[in-house]
Structure formats: structure tokens, C-alpha cells
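Just dropping this structure here.
When the chains are written out, they are named A, B, C, D and E in that same order, and each has its own residue count from 1.
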Amino acid sequence: MFGNPFSTALPLAPFPLMLREAACWRGETEVFAGLDMMIEGGALWLIRGDNGAGKTTLLRLLAGMLRAAGGVVSWGDGQSPRKTPERALFIGHADALKPALTVGENLGFWAGFSGFAESPWPQASDPFGVWAYADVPLRALSAGQRRRVALTRLAFSAAPLWLLDEPVTALDAAGQRTVWELAAAHRRRGGAVVATTHAPMNLPDAQEMTLGGLR
Amino acid sequence: MFGNPFSTALPLAPFPLMLREAACWRGETEVFAGLDMMIEGGALWLIRGDNGAGKTTLLRLLAGMLRAAGGVVSWGDGQSPRKTPERALFIGHADALKPALTVGENLGFWAGFSGFAESPWPQASDPFGVWAYADVPLRALSAGQRRRVALTRLAFSAAPLWLLDEPVTALDAAGQRTVWELAAAHRRRGGAVVATTHAPMNLPDAQEMTLGGLR
Amino acid sequence: MTAFLAVVRRDLLLAYRDGAGTWTVLGFFVIAVAVFPLGLGPEPQLLARVAAGVVWAMALLAALLSLDTLFDADWRDGSLELLLSGELAPEALVLAKALAHWLASGLPLIVVAPLAGVLLHLPGNAAPTLAVSLLLGTPALSLLGALGAALALGARRGAALLAVMVLPLAVPVLIFGAGAVESAMLGLAAGPGLLILGGIALMALAVCPFAAAAALRQAVE
Amino acid sequence: MTAFLAVVRRDLLLAYRDGAGTWTVLGFFVIAVAVFPLGLGPEPQLLARVAAGVVWAMALLAALLSLDTLFDADWRDGSLELLLSGELAPEALVLAKALAHWLASGLPLIVVAPLAGVLLHLPGNAAPTLAVSLLLGTPALSLLGALGAALALGARRGAALLAVMVLPLAVPVLIFGAGAVESAMLGLAAGPGLLILGGIALMALAVCPFAAAAALRQAVE
Amino acid sequence: MGKAIAAMGGFLQRQAQPARVVDLCGRFLPFAFALAVICLAAGLISALVLSPPDYQQGESVRIMYVHVPAAWMGLFVYAFIAALGGVGLVGGHPLAFHAARAAAPVGAGFTAACLVSGSLWGKPMWGAWWVWDARLTSMLLLLFLYFGHAALTRAFDDPRRGDKAAAVLALVGCVNLPVIKFSVDWWNTLHQPASVFKMGGPAIDPSMLLPLLLMLGAFKALFFTLWLMRLRSSVVAARLRAAAARARGAAWR
């Protein structure tokens, strides 16, 4: 349906996504409050902060997986992310892959589920070179290979907003480069990327935000 | 029994641990073969290589969790790691922590199991500052907080050899520093550290080995 | 529709490949049915007398058994959030998962139930009623189970909770199912019991997907 | 010894906190016992006739139920490797885990079994024999189960495999356990049956830890 | 009309502030308690002393004065928590959930009392502590539903999550109530059919009806007493927890 992500324009995306005075709780603790942020189309945000500062929580808020305890979170057209979760693609530590299925079956499922392609396996979109293990069950992969499979979903997503929680974890140098290249291509199409990372990084024109200044 | 790891000498450790022409298989594939390595007391080895190169496999071989398919793996006193697993402490991606138990219960168990202390909770040994969450169930921790809990086991291990599989994953800058400081202290006591990592790193006097030249 | 079918396909594949699916249910059921004559002693009359009840009780327990992974595995590995943020409505997702659960655990039961009936000396004339009653009752069990699994998602002691919640809701299915078979055994009309079973299944179909979808939305917060 | 006790303590804590432990076993048992009369019909004579068999069969199934997590959870999260590379001998580890399993699932069963007996109209004079037979039989079930769980570790369809493997081993326990209760119900001597049960338990204690330890060593390769 | 509803809503909104709730509970409590004591005294005297023994059942009929009101309260409280759960799910106000959580264990207590008293009564009447009759079974299932409800409310790290899940369960579990009520009519059972609340008026002698109704009043008042106490402490405990969490917040991060 959307073909190769590197070539096709995104469907019109209602950027910016805005946070105003946003607050978030986990369990019975306040993680952050009074957060302002404006995510434009084409932007790359790097979220930084100590362990437990609330980076993952922020991404989940943007994905519509958490409810804001205060303030406003809304897209440019006034919609709340909670009502429009399909606008964001979240890739976190839990990678939504089944150890008992092969790489091909896992990716084929997610491709089919998101209505991506006729064929069950998105061979055309294989930025991380996991096609070679298509028939290997996921449980027999190394940590980085598994991460590559999870990230391959980036190549067949139609979501304008990518939320990447420590995406380069466990990847070798080539894999890390591929992630940032995919992100750049996505931005050129008008999409936005919000990523957390602990690595010192100099990506040109990335906007940075550091959480947990209180600590 | 062993008190604070930073101050006490290790029990006599039979270094070096030697690999000669070692080969290792996973499933029905050869991961590496003909590997030579000599790990002396006080050494720090950094293992590098692309995803799937066999870094984790090598660590598991050194820990005695895998059988060598060929060649010799033996300690200085002729013992095989498979017979003396207690000489190595392996900390990998699977962190051996139970989400349903609190941080205190988890660490208390491992401390008690390794005969570390009278008290169930090793409060004196808290290099990563997880004492503050002692009563929080593990499932409510962030990724980095959880990793800190797993790594806290370093502080109450009596094993002369530390095998750390991507130890700084998910840690913030302070946490990463703490890992390398602990490793340095362990080396000063005569222990050895073998760690894998994908991050570019300049640790003085670390020996490097890159796997998977074949690929 | 593609998404719906994709979910059903994947769940069936997982049930076939993994421990907690079809094989466990079948194994449990066959073993339970085999254990009974050992516990009760071999008299054919006694066994025939209890056959309908035992088969139905075991079918209920087998269904319960395979339920606690219905949403739990997906929730743990992050799949559930992605499934819920797709184009597929949560109600349809529940329906797809319940359908897959039924195909993977209800249907095989129906296939082996006649065999179990033979092992327990169930009179031949009651065998068709047994099959039909299971055909009508097991979908209701899958739907009620999906509701329970969604409610218990992420709870401490989820599995125990699930059993305590689903059982009271599932008891009518059991009573009418076993009752219909018993009527057939005694030569009475099994029709009314089967009709009620069908009615329960339809009611479960009307209520459970919505209630379960509401529970799922809560769970991924 | 500290390590042994630490393992027992942790497993009990997990069984209490988590889904797959004490609560599930108790819930399953109580519910299964409640489900039977619903399936079989309410006649007290019939229920009394099958009570011993049902309670024992359900005890066996409840024990089986809680087995598949015995080593599996530890294996998945990397604990098992660490447990096996400590000072504790693998045989002692198996013993510790089987003991914890029995304390968490066998003992509660023994406590609630008399209540189950009342609900199923088991004659009062058979109740003590029921409790004693469970006291002798459930440790054997835990030990045999530990062996099965170790053998099935990491296998595809492990849970189903486990059931298929453990059942034949556990059948003698079931037969002599239910038999002893039945003898007591009929006013016959239950002693011989109970003695045999005790013998089986001792044999399991002598064999299972070693066999299971060997299987565990294979599993963590 | 719309204005009146809005005014009503505003009034309820004001009353639903935690401090106000605690205050109101405190104010109603003494009355409910007094009513419970009075009804209980009157009911017990008329039930145990003034009312006649049954011509069939003899003195054991007096169990009825506990058994029947307990059964009625078990059913009533379940409907009550289901209604509160529905209000909470639709309206979203936490007070409804507090109220449901406060009521549930009390209802479970009444249900258990009905089961125990019925069982004590069954031994002399039917010769067995327990039979698997439709009404007894469905009442046992009601107790399980109460257990499920109570367990669900406590089973989550986030209490709001448990409240909502329990509300859904309570609503779905309501199908059991008519089954209990009409089980005696639908199936041929050992248990007595309805004689008080039935078409065509009560078929029970006034000398037994009056103490029965007094005991019912006593149980109702007792329920409200316990409920108000638990509601008050539930609201206070939630505020304490929130304050503690706020205090811990900074240290946590």
C-alpha cells in the first residue's frame, strides 16, 4: 500500500504534535509535570535524562498509550493521541516478537496486520538485512539480530511519528547507522522522529530535551 | 563473608583462563573456530564484532555454560569451566530477576544464595544506588533502573572472572562510569573482566578482540 | 478484515507451535479422561453414569487452562499495545482472539470428545448430542474466557483470579451442556437444553467482545 | 544449606505472589470439585461413590498444572544458569525446588481436601484416610513432576510433553491413593495402600533428584 | 428541567469532594448505627421469643430470621455494587468506586452468612449440610463472584484499574441474580419456593412476617453502618496514599 518508505510521501500528517503543561503519573508517583514541547513535521528530537527520569513515559504519552494526568496533548488538528494511536509507531524494549515464530512469520504478521503489502513478507523493505534469517525461529537469534528484526518494522510503517526508545541498543555500528539513515529519510518525507538515547551523539539539526532536571 | 568488594582481596584465583583452538556451535551452525585467548588476572578484555558474530557465545563458553565443540578451554589449574562454573559471574541480557518480587527481595535472594552476607539485603554494597527502591516491585522499574539492579550483583560476587554482556546497555552516563569503576576495582584485586560492547570506548590498557572476521 | 485474519492466523500458528496451545489442551483432556477410570474403578455402569459430566467438566477445565495466555503473552511482549493501536477495533480484536482460541482449543476437543465418550462407556446414542452440545457450548466458553482474561490482565495472581471469575459465568454452560447429554442418554429430548446453550452462546457473543474491549483499553494504560 | 533455604524461600514467595502458585492450585482444585456435581447431577450417593476418585484425580491435575513453571520461568529469565553455577549441587537444587513446590501446592491441597470431601458427600470416616493418602502421595507427585519438568525444559510444546511424560509415572500414586480412600469408605483396612504410597514416595525421593539434575545440566547448554 | 438537572449535578459534584464525603459519612453514621441496634433488638425479641415455632419444623425455623434477611442482603448488595460500578464507569467519579469497594466485603459477609445458616438449617431439615441444588449452587457462585470482585479491586498496582475491572465483572455477574431468585421456580429443588416476595402477596403468617421484616430492617441498617465506616476510611486512606506518594516523588526520581 505504501511501498518503499524511502521513496513515497507520507499521507498528510497533522503536525505539530503539542504538549502543553503536560503531567504524567506512573502508579501513584508523578514522573513529570509542566512539560511543554512542540513536535513539527521533519523534526528529530533526542530525549535525554538519567535512568528513571521519564523518557519512556514521555514516549508512551506521545504514542497515546498513557493518559496525561494534567495539561494538554494534542495533534495539530485537535485530536488527542489516545484517539489516534495509529499516527505513531512505538518501538521499545518489549519488541512484540514471538520467539516461537520465525523471523519471516513475525514480520509477515505485522506487515499483514498494518495492511502493508499483498505478500506476507515485506522482502522489498529490508534495511537491516534480516531477510537472510527469514526461516530462523526468533529464539535462535542474537540480541542484536533480534533488535534488527524489531526495527525492520520501521520500513513498513505508514505512521507519521516514530517513537524510538533507545533504538540503537544492542546494534553494531552498521546497524546504528542504518537507524539514523532511516530516520533521516523519514524526516525528508515530512515525518517526525522522537528518540531516547544514553549515547553521546552528534546528529546535525537534532533538537534535544533533557528530562528530570529536578533530580 | 567477602565484605566490600572494593577493599578485600579475592580468594586465590587460578588464572590464566586459556582458550586454544576453541570452536563453538549453536544449534547446527558453527559460530567460531580456532579461537586462541589467554585471560590473565587483572586483565580487561573488550570483545567486539558485528551482530551475530559470537560475542555472547564466547562469554557463555568462558562461563562454562556451553561446551566447546573443539579445542581446549581450561583454567590455570587445568580445570574446565564446565566443572567450575562458580569461578565466573555472567551478567547478560536475561537478568535473572523476578518482576513480582521487590528489588530488596531479588537482591536479597541472590546475596543469600551466593552465601554473601548474614543480612538478607546487601545494603553495604550498593554501587548503583538502588537501595532507594528496595521496596518497589521490579516490574515498576524503568529499563535502566532494572539494569542497575542486575549489575548490583557485581558488588557481592566472589567470582574471580566477570563476564559482562553489553553491561552498559540502558544505563545513563553515571551508571556507565560506575560499571567501569567497579571493573577497575575488581582488576586491582586480581580479578579479570571480559566485556562485550558496541560502543566506541577508550579504556586504557584494555585488550580488544574482534570476532567474526570471516563475515 | 485483513488485520482480523492476520491475528487469527498468527494465534493459530502460535497455538500449534507453542506449549500452551492445542497440544496442551488435547493432552490435558485425554489424560484427564484416562485418569478417571483409574480413580473411580472400572465398572462400566458407573463410568457411563458419570461420562457426560466428566467430559463436560474436563472441557471446561481445559478451556480455562489455555486462557491465561490469551492476552497475557501479547501484553508482556508489547504486542498488545501495537494490536490495539492499529486500524482494528478492540472489539474485533477480542473477537479474533476468541475465535482463534476456539479454533485452537474448542474444536480439537469436539473432535476427540466422541473418543473420550467411548473410553467412558458413554452410550452410543448420546454421542451426537455430546458433540453438538460441545459445538454450541465451547464458543461461549471462549468468549467468557476472553472477558475474564482481559479483566485479569496484568493483575497479581492473574491465573487464579481468572479461574474464580470465569467459573461462575461458565457454570450455566456446563449445566445445560451436561444436562442435554444426560437427557439424550436417558432417551429424553435434548433439544431444549441445546437451544438454551445456543442462546447463551449468542448472548456471550453480544456482550463479551464489548466488555472485554473496555477491559483491554484499561490494561494497556 | 543457606543456599538451599534461600531457594526454598524464594520459590515460596513467588508462589504466593504470582499467578501460577498456591492460589491457582487452590482455585483450580476448589473449582474443579465444585464443577463435578454440576456436571454429574446432585445425587449424594453417586457423588459419594466418585468422591475419592475425583479428589485424587483433581489433586493430580492441580499438581501437573503448577509444574510447567517449576524450572521454565527460571530458565527463561536466566536464573537457572546462575542457580546451577553456584555452590549448591544440582541434586540439592532439584530437591529445594520440589520441596517448595510441595509446600506451595501439595500442602494447601491437603488442607482443603476435607472440605472438598464434605461437598462431595464423602463419608466422614474416610476423611482422615483421604488426608493421610494425600500427605504421602503429593510429595511423590512433586518429585515426579520435577523430573518431568526438567526433561521437558526448553522443548517445544513443553507443557503438553510434560503432561504426557508425568502422567504414566504418576498413575500408581493415583491408583493407590484413591484405592486407600475407597477401602476406608467401605470399612476395609486402608493400611496396605497407604504403605505402598509411602514406598512410592521414598523411591521417588531416591531417584528423581538425580535424574532431574542430569536433565537440568543438559538443558542449560 | 435541564436547569434542574444541571443544578442537581452541581450539587452532587460539591457533595462528592473527599472532605465533604468524610463529613457526611460521619454525620449519617450515628443514625444508621442507632437504627441497626433498635431494629436488631426488636427483631430478635419478636423472632426468638414472641413468634411461634413452626408446626412442621419446630424451633429450628428460627434460623430463618437470620437466613432469609442475609440472603436478601447478599443479593441486594451485589446489585448495589453493580449499579455503583456502572455509575463509576460512565461518570468516571472515583467516589462511586470507593463506594463499591466499601460495600463488597460486607455483601460477601451476608452471602456467607446465608450459606452458613442455610447449611446449619439443612442438616436437620434435609439430612445433609450441603446439596447441589440450583439455588444453593447459584448462591455459592454469588460468593465466588464477590471473591472475584474483591480480588480484582486489590490485584493491580494502580487501584483505579482494579476498580474499573471489578465494575465490569460486577455488571456481567448480574446475570446470576435472576438465576438465584427464580431457580426455585425454574427447577424442581429441595429449597423452599418464594413465600414473601411473590405474585399475589406474601403467603406467610403475620406473626412470622413481622419479625422477618424487622430483621431485614436491622440487616439493612447494619449494612449502611458498616458501609459508611468503610467508605470513610477508604476515602481517607486514598488521600493519605496520595500525600505519601507526592512526598516520595522527588526522592524517587
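We adopt the following convention: contacts are C-beta pairs under 8 Å (C-beta built on N, C-alpha and C of every residue); 3 or more make two chains touch, one makes a residue touch a chain.
Quantities reported herein were computed from a predicted structural model and do not represent experimental measurements.
Put simply, the chain farthest from chain C by mean CA position is B. Note on interfaces C-E and D-E: more C-beta pairs are in contact across C-E. Chain D has its Cα centroid 46 Å from the Cα centroid of chain A.
The distance from the centre of chain C to the centre of chain D, with each centre set as the mean of the Cα atoms, comes to 25 Å.
As a whole-number value, the distance joining the C-alpha centres of chain B and chain C reads 46 Å. Within chain A, the positions touching two or more other chains are listed as 27, 52, 93, 100. Among the residues of chain E, those in touch with two or more other chains are 137, 157-158, 252. In chain D, the residues that reach two or more other chains under the touch definition are 17-18, 34, 38, 41, 156. Taken in their complex, chain D has these residues touching chain C: 17-21, 23-24, 26-28, 31-32, 34-36, 38-41, 46, 49-50, 52-54, 56-57, 60-61, 65, 68, 156-161, 163-164, 167, 171, 174-175, 178, 182. Here chain C touches chain E in the complex through residues 147, 151-152, 154-158, 160-161, 164-165, 167-169, 171-172, 207, 211, 214-215, 218-219, 221, going by the rule given at the top. Those residues of chain B whose C-beta lies close enough to touch chain A in the complex are 26-27, 49-52, 56, 93, 140-145, 147-148, 165-166, 169-176, 198-199.
Across the complex, chain D is touched by residues 128-133, 137, 140 of chain E.
Every residue of chain A that touches chain C in the complex is listed here, in rising order: 63-67, 85-86, 88, 90, 92-98, 100-101, 105, 109-110, 112-115.
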